[in-house]
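Okay, so chain A shows up in both of these, paired with chain B first and chain C after.
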Partner chain A sequence: MSLDLLIYLALTIAALWTVMTRSLLRSAIGLALVSAILTIIIFRLNAPLAGVFELSVCAGLIPVLFVSVVSLTQPYTHQEIIERMKSMFTRFRFLPLIVIAVGLALGLLSLKPETSLPLPADGKDVRFVLWHLRRFDLLGQMIVLLTGVFGVVILFKERKKSG
Partner chain B sequence: MYALLILVPLASSIILNLLPKGVNKRIAFGLSLALSFLQALFIFFPACPVWKTGARTLESVFRFNFFIDNLTSVMLLCISIVVFVTLLASRKFIESGEKRGSFINVILVALIGMNGAVLTRDIFSLYVFLEITAVSSFILIALDKDILAFEGAFKYIVFSAVASVLMLAAISLLLLLTGSTDFNVIHALFKMQPAHNALVILAVGLFLCGLFIKAGLMPFHGWLPDAYSSAPAHISVLLAGVVTKVAGIYALIRIIVSVLGFTAAVQSVLLLTAALSVILGAIASLTQSDFRRMLAYSSISQVGYIVLGLGSGTALGIAGAIFHIFNHATFKSLLFVNCASVEKQTGIRDMRSLSGLAQRMPVTGVTSVIGSLSCAGIPPLAGFWSKLMIIIALWMEGYRVYAFIAILGSLLTLAYFLYLQRSIFFGKLNPEFKDIKEAGFALTFPAILLTAIIILVGLAAPLLLEKQIFTLNSIWGG
Partner chain C sequence: MVSAIFITLLFITGIYCIMASYNLVRVLIGVEILIKAVTLMIIVVGSACGRLALAQSLVITLIVVEVVVITVAVGVVLGIHTHNNSLDVRKVRRLKG
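What follows is the complex of A and B.
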């Protein structure tokens, strides 16, 4: 249990770093780190194939896509980044307090909602599920990825040329 | 057979990219236009033997389970009409061949996404195809690469990402609760779940919030006016006419009617959100001076009507809602086409700087009057019938305050459209525009086509309501 808590804490820290860091490149690396930690959680939940997918696609392919997009854009100057960060910190300065207050309130309420679940679905082989039951999704997911790549190419590649 | 609606645009997109650039430039536009036209034919004549040619071979490879009912048919028809009109309008706005190629590729992907979302009978597949629609929409909004378009697209991405996370969380919970993502399985199991189960309530709440964001309902509408007004003019036609209807409203109706079912709490949330959208959307429209922003807020208000019909929870209300989806697709596309014509010819969207344009652009002027009146629910135009059905459904179910809000919203709609007509098309012609003329076939033909649909559907509405396309037995019967 304590190890799980540590992993979740690491996931939260990595996620926060991803959205708070000043560099877009580091943010992409932070995202890969989040996915890598998520992979550990998925492995611990006994879903190795899902873990492999998470590691290869979300920790591998997607950050590479992001890094390639970042390399095609013109980043802000150091001064601009500092100014934007200051403005962001000012705008969201009460957010941590609100999150803690909501957490404490929910804890104090000690809600015990009815969350009983039926038996889990029968354990079909993941290969059978992917290739026989989820064909339509697979096709859709391939189209999403290709569309994303296509979008990056048509929106950003030319922009660099003109810039 | 319905797999053709996914596979043919996909194959066309791949083939267009493999062809030499010169050939691609010559055939891409005609091919995509033909595809959207064929889709409309497919909906009207699904039993035609032409569609079955080679279908068996395809179906042996791509075995997809689709959900085909009258709602599906109406949505597929809306998609084909609006895509057809968008493609025609794009001729006026996209000059360069390379850009047109990119545009057509993305439009074909959007067509796949919307068709897939409408056809699927699985909540996870619905999510995947809504993502395809959303990603292609981001690209389309930013296609002109100006800073405002990027800002609009970015806002849409951020809101859409939040909606996606909420929907994914809801899908995970539903999978946990039922062990399936199939509409029918979840629907059957949901009837057996205790209504007070916190996970059920959480799943329904998350799903509704996600879909409200996608539909642009108030108070989840932050992205919509910026996305509509910053996108290229012809893309606004697609976004307002059909993208948000498929991504938000169709998914909402399908999830409520075919998956989650109606409960008193769900109906209350739907009615309250819808009423807010109807009134606040209309009031916000009244305060706008930008043509496109006014139409964007008007869309929020009209989407509110659709959700009011759904919220009534009756067959008549849902029939009215679906009929209003179709009507909204036609009259709002028409008004955005009119806006594109005005913008193209004058370079101005600020209504305070425009006056008397109907003298120089009579087709645009007349068609915009028809579109506005249909939107305001004036008989005998198509918009009147759908609004009437929604109001009667609300009244019969005892939601009289909401029926009154719907009538008030219609009066406000008439008010802002009268203001729009007076500002842009009527009054004394501004001397600055004395030499302008109609925007040409690419924009006048879609306007005339959509006007004809609005008038014909309005006149034939009593007949159409009894025919297959607008009856709802197959939806209501589950």
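What follows is the complex of A and C.
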């Protein structure tokens, strides 16, 4: 069994644990674990810049956001957690079976995807591609960031109480 | 190709989480898992095609959009919790429209 296969298996198991664990806090931590394992894969595919972004933003910032939401919302009592766990187990019991069945089916089919897709932009250095060939993406990123900032400001703005 | 199989499995996990969850935070976690599958797919395809620089620039754009989407979605979820005192999607019945 190669190392890549082990890492991909760890990624799938971490994603399943993230989805199926009963505690939202554990789910948030599992999400960070998925991002960290994904970063290992990205680094092994020789994409260090994307890996750094994935590790710093997706494994660092986004789980913090989820933990903040969990801490700001009202926690369940122990009895509610037990009741919800039973309901959740009922709903999610098919997921591991589906994942295993689809994985085995795709493995047995041994599909060979087409990898000679023509792409419009060509460049060896990611900085060259980002600043010269995908300049419009940067403009879009700035607009999206500004939209996000204003969206958060509007969402968290205290509303005037009437009367 | 091993990576294609695991990308599919990650995608199925995210879709199932979105469909089977009643908690809004868990739905967002499902969306995150979906985005992880897309990120991995872009990098794998870029690596297979020999256009890794382009794939990396697309992934950087994707991560920026992902962060903004999740931040705004978290704000919306908190607003829903303030108004309904619950994160259960079945109890969110006060939406207009």
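Please note the rule applied: the second predicted complex is superposed on the first by the 96 of 163 C-alpha atoms of A that agree within 3 Å, B and C clash if a C-alpha of one lies under 4 Å from a C-alpha of the other, contacts with A are read in each partner's own complex, and residues count from 1 in each chain.
We adopt the following convention: contacts are C-beta pairs under 8 Å (C-beta built on N, C-alpha and C of every residue); 3 or more make two chains touch, one makes a residue touch a chain.
Quick caveat: nothing in here was measured; it's all calculated off a predicted structure.
*Asks:* More residues of chain A in touch with chain C or with chain B?
*Replies:* C
*Asks:* Just checking: does A:11 make contact with chain B only, chain C only, both, or neither of them? Give me first, second, both or neither.
*Replies:* Only chain C; A:11 stays clear of chain B.
*Asks:* Of the two partner chains, chain B (first) and chain C (second), which one does A:151 touch, if any: first, second, both, or neither?
*Replies:* Once the two structures are laid over each other on A, A:151 reaches both partners.
*Asks:* Which partner does A:65 reach: the first (chain B), the second (chain C), both, or neither?
*Replies:* second
*Asks:* Which partner does A:31 contact after superposing on A: first (chain B), second (chain C), both, neither?
*Replies:* Only chain C is touched by A:31; chain B is not.
*Asks:* Contacts for A:81 in the overlay, against chain B (first) and chain C (second): which applies, first, second, both or neither?
*Replies:* It touches nothing on chain B or chain C.
*Asks:* Going by the contact rule set out at the top, does A:135 touch chain B (first), chain C (second), both, or neither?
*Replies:* In the superposition, A:135 touches chain B alone.
*Asks:* Just checking: does A:40 make contact with chain B only, chain C only, both, or neither of them? Give me first, second, both or neither.
*Replies:* A:40 sits against neither chain B nor chain C.
*Asks:* Does any part of chain A touch chain B in one structure and chain C in the other, and if so which residues?
*Replies:* Common to the two interfaces on chain A: residues 111, 113, 115-117, 119, 121-122, 134, 137, 140-141, 144, 147-148, 151, 155.
*Asks:* Can you list the residues on chain A that touch chain B in the complex?
*Replies:* Checking each residue of chain A against chain B gives 111, 113-122, 134-137, 139-141, 143-144, 147-148, 150-151, 154-155, 158-159.
*Asks:* Which part of chain B faces chain A closely enough to touch in the complex?
*Replies:* The touching residues are 6, 10, 62-65, 102, 105-106, 109, 112-113, 116, 120, 122, 124-125, 128-129, 131-132, 135-136, 138-139, 142-143, 145, 175-180, 189, 194, 196-199.
*Asks:* Can you tell me which positions in chain C touch chain A when the two form their complex?
*Replies:* Against chain A, chain C makes touches at 1-6, 8-10, 12-14, 16-17, 20-21, 23, 25-26, 28-30, 32-33, 36, 39-40, 43-49, 51-61, 63-72, 74-79, 81, 85, 87.
*Asks:* Please output the residues of chain A touching chain C within their complex, sorted ascending.
*Replies:* It comes out as residues 4-5, 8-9, 11-12, 15-16, 18-19, 24, 27-28, 31, 34-35, 38, 41-42, 45-47, 49-50, 53-54, 57-58, 61-62, 65-66, 68-70, 72-74, 91-92, 94-95, 98-99, 102-103, 106-107, 111-113, 115-117, 119, 121-126, 128-130, 133-134, 137, 140-141, 144-145, 147-148, 151-152, 155-156.
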